[in-house]
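Just dropping this structure here.
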């Protein structure tokens, strides 16, 4: 005897580029380049058990709504705003659907020169947001960034760790510290209704990540993680929780002594695999319960 | 005021190939080709807050232990057995470490001819396992497979769904159904101590996934998902819960009428993005609480 | 003062799946799963210099023709046959186009059970063909395979190489030899008109690659490369030239002595980067000039 | 009867990061982040035919030399300079080796703040160089960039192309034009000995690519390609030939009329596959023969 457990379905990776023509401060075009995924939950047992699609709002219609909504909202809209509207549409219009999860990746573009219509992909990071709209619990917003690769050539040590029969790593008072930041920050539940400036919040967060990584003298990547999480909560309004996953992208000092050369912190091998992986959460002391925000 | 929340750290993607020389039934070599990730949790606040690494068993030592353990265990060992031993090592030897999560991907190889030492990568799927060893809660085992791409050229319909102003998809009584199966199945807590034949369980599960996909006349991918989950629980001993994530890999019938041709279910465009994504859980009615198994 | 040099344009990566319903020997469906790229050359200076598209057969029409041609040819058609017809269409119907290059990747599928309509991706290799159709030079066919990963656990040595101040590699009389075979074989010009059985030729070639890799006792990957090329020419009718690119996928024996363990050819680290890369050509003594075949 | 044709071998994808400590104008560190591949040719028949490695300078030693050379050259060295020295080492020190091909990818980093040791990956493009050092023909240098994604929201038309029974594409007087620039430029043979400022040449070339893409009103991507190639030759000293491969990254205007909405050049679907692919060469009228530069 079996039963159906948690389930959801949707359309993944809808690629949408919106051009807000002439909407910039100097009359230039503004771009939003998104990869949108919607996922719906609710009264969906029928589709699993009997093959009835009576409650299954088609993923094709979800895609259509994404493109239509971009037109309906117009202008230069932050991904968080779009996601809240997009998720609310399903929950409010489809009676069997009680929860929507909307995830958006935003890719950055920089202006080329002064044409007002020419752009180059920035490529340094991906901006993210995951919004839940729940018929009961309301709206939650988790935003973040990923693939932001940063490196300090010094100001990193690693020593004082337990040794046993499997220890071959020498302690070091100076190493390269490099990681690819994957960070998500949860906003207070009030943020969605409080007119939060999502673009400003993102810009602030990105600045905090970069500045904190650079300014933290690090005895372990865990310490850097905690410093970044703390700074995000302290400096970005409405953020109450931060989750970070930081791969330790090892840069190995190359032993050049077989070739009669001294390698004074100059030549490194950038390793692919394996890598360390440091995962951690930092919360404001008064952070409300996360509810479904991280589902 | 902030606080440290959930955290863990480890070494990711240790690539290990083990050759059990002459261990096969005809004296042939047997290969295990693994990608191993370990992740440890426990009393790790110091490394985050003060930079003390006194409790941080180095990820480099974790890697070393993986290679050593492969030698210590010897023979032709299933990934589940290895993961349980590997995770137990950390929890039993490192006092501050109270939980270990071990994830292994196994890549398949088939013999070439009869040399006994020649192999070709099978490439049709990746076998997976995630094992938690917890000082209090004990051992949990979740195994699975991913990237198993399957396709039915018929026996799939999709109709009877809600229509609204965003509906453009025509109903269909015949379509290609294709997906890339990502399945994970949780074993009963007793499995780890009961001498489960992990390789046999995997072979059975793979067979069930293929056979059920082929034999299910499908009115939606949700229905196929539920059928696969049900069959896995019913036919694979000790499995009490199954989680599936099935991308609906759309194959669009190409409209050839502009070229004066009829396309009678013959020529399709295989789409990349967007795709549907169907996620669901099937549980045995008497499945015990999952605890940390899915962390 | 500048001038336009060699140029071509086309549509890349047209994803086409053809179902030959009931065409198999037992009435089962047969699948062809292709990734098709067409590239046209000829009198195209205008599009570069003045922006005139009078001679530019649209890449969108190239895509349309691909889907239409699959229907027109029907049945279970080898990629080589399709490519010759596809390329000939452009050269014969578009006066300014004097040469077409058609490249096809074919992905393999195996039957699941006996439904006749259920399949699983094989995943072990990609079959390839590159066909040129030239208004003057005629038709050339180069077929091949890629991503076929093979491994011998023994029967491989490497020693006797030059030593200098940069030598740290120890000589070995036993190592794992692994590579991912990328092979292309050129058919005699007569093959296209001689009713070559392309599927049989591919099956034979694949068999030769596997068998030769397994049976060659190897003192270097170069030696294995030459053996494979030689066998392909000798055993596959109409093949006159073979080009191979073989990455040496290093498997490093792990030093377990720091842990008090002996590693007797048992535990290996499978490296990603760097890797060796061995490229070479083997030709029949009477191979005609390749002309444009490898462009 | 078969014979060995063209062949070469080497070490691919050696990952090397060089830190020139304090070498910047304000005493900041300077980074070079490279992916280096070396490939050697010469008297190598023995390794193919008899398994003799007497002439095979090991790929492991090639890797070692790369790391050693980075130390030997020191400072903040352009990839072209490194590649010339690296290739020359093999040809001058190994009698059987008569030609070396060195390829380097360089990844960009930007300073974070003013620490002098903190960096973030730029991610907008990859700088490339391919250098041949030949015992007879001397040194050739081809540099370039790849993965530079650019987009004009307007100033692009496509019409006036041939129509036939496979035409479904409507003509357009306004479309998004987007591509990922892959460009390679060949320097005059004298450049290597003439003290060329390789970093300045690259910066100039990158600027030309961006500016020309933005400023070219385009009737086809071919026209844009020719404009970029022409500008590179005219504006970057010592460049005599340019090769470009430009995927036409289609952005499809989404038809919103089924939803009662007008889409006035606002909402686009960014397609993955298929894509157009435009390849072309632009040469200075007095460009010397390329010889082996493009091998």
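When the chains are written out, they are named A, B, C and D in that same order, and each has its own residue count from 1.
Here is the rule we use: contacts are C-beta pairs under 8 Å (C-beta built on N, C-alpha and C of every residue); 3 or more make two chains touch, one makes a residue touch a chain.
Please read all numbers here as calculations on a predicted model, not as lab measurements.
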Minimum number of chain-to-chain touching steps separating chain A from chain C: 1
Shared chain contacts [chain A and chain D, defined touch]: B, C
Taking each chain's C-alpha mean as its centre, the one farthest from chain A: C
Centroid spacing, where centroids are CA-atom means, of chain A and chain B in whole angstrom: 24
Length of the line joining the C-alpha centres of chain B and chain C, rounded to whole Å: 31
Rounded Å distance, chain B centre to chain D centre (Cα mean): 38
Per-residue overlap in chain D, given as positions that touch at least 2 other chains: 15, 64, 68, 166, 168, 258-259, 272-273
Chain B residues within the chain A interface of the complex: 1-15, 37, 39, 44, 47-61, 63-65, 68, 93-94, 158-162, 164, 166-169, 218-223, 225-226, 229-230, 233-234, 241, 247-248, 273-286
Interface residues, chain A side, partner chain D - complex: 15-21, 29, 31, 33, 64, 67-68, 70-72, 74, 109-110, 112-113, 115, 117-125, 147-155, 176, 210-211, 213-215, 251, 254, 256, 258-259, 261-263, 265-272
Of all residues in chain D, those that touch chain B in their complex: 165-166, 168, 258-260, 272-273
